[in-house]
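My structure is below; once you've seen it, I'll send some questions.
Naming follows writing order (A, B and C), and every chain is counted from residue 1.
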Amino acid sequence: MDRMFHVIEAQQFDRELMGEIFSVTKEMEEVVSRYGSSILNRRIMATLFYEPSTRTRLSFESAMIRLGGNVVTTESAREFSSAAKGETLEDTIRIVEGYADVIVMRHFESGAARRAADVASVPILNAGDGPGQHPTQALLDVYTIKKEIGRLDGITVAMVGDLANGRTVRSLAYLLARYDDVKLFFVAPEVVRMKQDIKEYLDRHGVHFEEKEDLIEVAQQSDVIYQTRIQRERFGDRIADYESARGKYIVDSNTMEALPEAGRVLHPLPRIDEIAPEVDGDPRAAYFRQAHNGIYIRMALLRMVLEA
Amino acid sequence: MDRMFHVIEAQQFDRELMGEIFSVTKEMEEVVSRYGSSILNRRIMATLFYEPSTRTRLSFESAMIRLGGNVVTTESAREFSSAAKGETLEDTIRIVEGYADVIVMRHFESGAARRAADVASVPILNAGDGPGQHPTQALLDVYTIKKEIGRLDGITVAMVGDLANGRTVRSLAYLLARYDDVKLFFVAPEVVRMKQDIKEYLDRHGVHFEEKEDLIEVAQQSDVIYQTRIQRERFGDRIADYESARGKYIVDSNTMEALPEAGRVLHPLPRIDEIAPEVDGDPRAAYFRQAHNGIYIRMALLRMVLEA
Amino acid sequence: MDRMFHVIEAQQFDRELMGEIFSVTKEMEEVVSRYGSSILNRRIMATLFYEPSTRTRLSFESAMIRLGGNVVTTESAREFSSAAKGETLEDTIRIVEGYADVIVMRHFESGAARRAADVASVPILNAGDGPGQHPTQALLDVYTIKKEIGRLDGITVAMVGDLANGRTVRSLAYLLARYDDVKLFFVAPEVVRMKQDIKEYLDRHGVHFEEKEDLIEVAQQSDVIYQTRIQRERFGDRIADYESARGKYIVDSNTMEALPEAGRVLHPLPRIDEIAPEVDGDPRAAYFRQAHNGIYIRMALLRMVLEA
């Protein structure tokens, strides 16, 4: 447990470390079921959010409180770097580390978490830095697959939707590459296909992947469908592109019929209409359980970085 | 104590249940006087506010903390349903229920609390949904009358001010109709008189009411004057209407002279000038005590929905 | 310890009371080093902020939590006095005092803390009211000088930068006047020189001061350089004035060479470029330690006003 101080990027987790994290995470599920623990009693977590992300913030805060810890919150950290005041991120971190024993940080710039970690004397947990990393989301996705399917080696995962802009699918690809005999299908509208850098990474690491067009055919051969939202905000004025991309791949009752009985549907949420509500009642719809796993993963990370 | 899970609307409280709630509320006053309890130790309350209402939010949070519980807060829940992300309220609830043991929700749409309760596996406490319900305010109003006057049966209450738009007077009318021999006076400017639906409800339930014009005459015959603010924001461009309504019925030292010695003045607050500051020092001015009762009522409700 | 209830302005602290506060503050440093105390267990602090000031708010919240207390927060207190609702500050205080055992208040108007204290039945701690007072900052500055230099009598302090608008230098001047043989240098661009009222105050209290132009010469004769930010927001359209003032006095490696070995550089933070980053590594750069002292000072004040 001495191999982590900061949590900055998916790439820092190898197979062995993920194994340790998932084992602590499992214990955390039991802690929640008996209404918490006091293991982090008197410790303070600061949530330093330069842009709002209420789900992620609440998930971390709930995790800290379940472990007996306390929280100080800011959702307006952008004030620190405002035009009038102009403080550097480094100065802000040097001040905030005096208020807390761990800092959970969300920033609008890629690489900000790394910069914070370079000066911080308390652990920095990256809760997303712009289009960059969101490592705790990636860990909870992998944990959910392990828990729902029972294994990670030999898994077949279909990644569906916005594969160009979605940082969750990119991080998930990195982490799944740590396991053996993983197979990935990419099912994306033309304008948001998986980018070349990830494909090259997978090639280098011997992960088999295929780009496919037929979601039903893919569903039949997959353990997991990882559906994602087409992100309206990435299309700007290209409304027609957005509209055509958006409706193309919907997970609905037809998709569920094709999916094996032991298969699962995941989604990082929020969803709009890329999973039909009719799917929610299917026991293979695992996306709300996946969201709840976020608490356990974050409890595990907090415990691992804070426990002396 | 097993008759409540969600707290959604005033109509769900009958005379007997209110009796139980008020009895627990009285215990809660003692709990606060000895600086709290640890009965809800390790429980988490999430405040999910789609519009700001700082008084109500702080009142619930203070109540939870006085019982030893913890709080995670959002005042920017509207982000969940933002144009870009477009999540349904139902999906949001399914996620947030993973972060907390009870959800206190404020929403801008009438009926939102009901929709939340329909999918939630944890208790939903409605802290106001648009022009709809605000049941905890209604309960604290009734509790205050009982505590200040000593009884609810046979009470005479003068409702003054904006009776058309004020949801507190509407809910209060519903709840007072549960008691015997209640008499109501309605004293309102022409443009904001009590609506027909409430009058019909009172007729059906045998509650005697009268519309009156002379506040002094009414004060002489009342146990309670329930004054309300003329809500500027409901008048839009009709400034003249607002100005004429606003100054019409002011509770001042003349009104207090008319009010019996055992009478009381209540107000849901905030007030502007519809109660003159000269009244504040009168022991019959009960509106700040009323606001403080909000803590005790909310402690009672939290305890009743959370205590196993 | 019975000489304080509210904390409103620097002038309320005489030499003896500061001695008591600093003695409790020192104890608080030990409390933090063993991860807190439970001395304020079950007590609630409300932060009532009419304008955002994340550093100050987090510092108070962390202080309260380190002592075992709890916090309810509002950063949107301005809502209370919004056009539509129009509540007076006095009414707001009468309500919020029902939610908490102590109120930490930040306001945009000079004198607001005094008005709040006049009606409050719980202690008010002023966390800054407009261009007026910010007494906890002043105390932490004096505490830092005492801790870093070892004494306050006979100290020589150079105040540099925006001496006209910076309320921290004004309050610091008031408090240092309580000690013997204090000498002050004022080093400021022409447009933001120290105002007449402070100079007269210092004259009346027998504090020696000199206005100087050469920062290097001043550094050689000082125990402390108290650098401040030229506040862009105070210059409005006068950009040229701002730009000429801003670059004039920078603390850099040349300044540090002139400063005695036992000297220190302080700054209330945030800084922009008025202290060069190259200075950060110098052990005499005390500004981040100074920021951390804010926690201890606020813990001491909370304990002193709350402990029965």
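The rule is short, and it goes like this: a residue touches a chain if its C-beta (ideal position, glycine included) is under 8 Å from a C-beta of that chain, and two chains touch if they have at least 3 such contacts.
This one's a predicted model, so the numbers in the text were calculated from it and none came from an experiment.
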Cα superposition angle of chain A on its copy chain B, in degrees to the nearest 5: 120
Self-contact between copies chain A and chain C, residue sets same or different by half: different
Interchain centroid distance [CA atoms averaged], chain A/chain C, Å: 41
Interface hub residues of chain B, defined as touching at least two other chains: 73
Complex contacts: residues of chain C adjacent to chain B: 42-44, 46, 70, 72-74, 76-77, 79-80, 83-87, 91-92, 94-96, 98-101
Chain C-facing residues of chain B, complex: 35-36, 52, 54-55, 57-59, 61-62, 65-66, 68, 71, 73, 75, 231-233, 269-272, 288, 291-292, 294-295
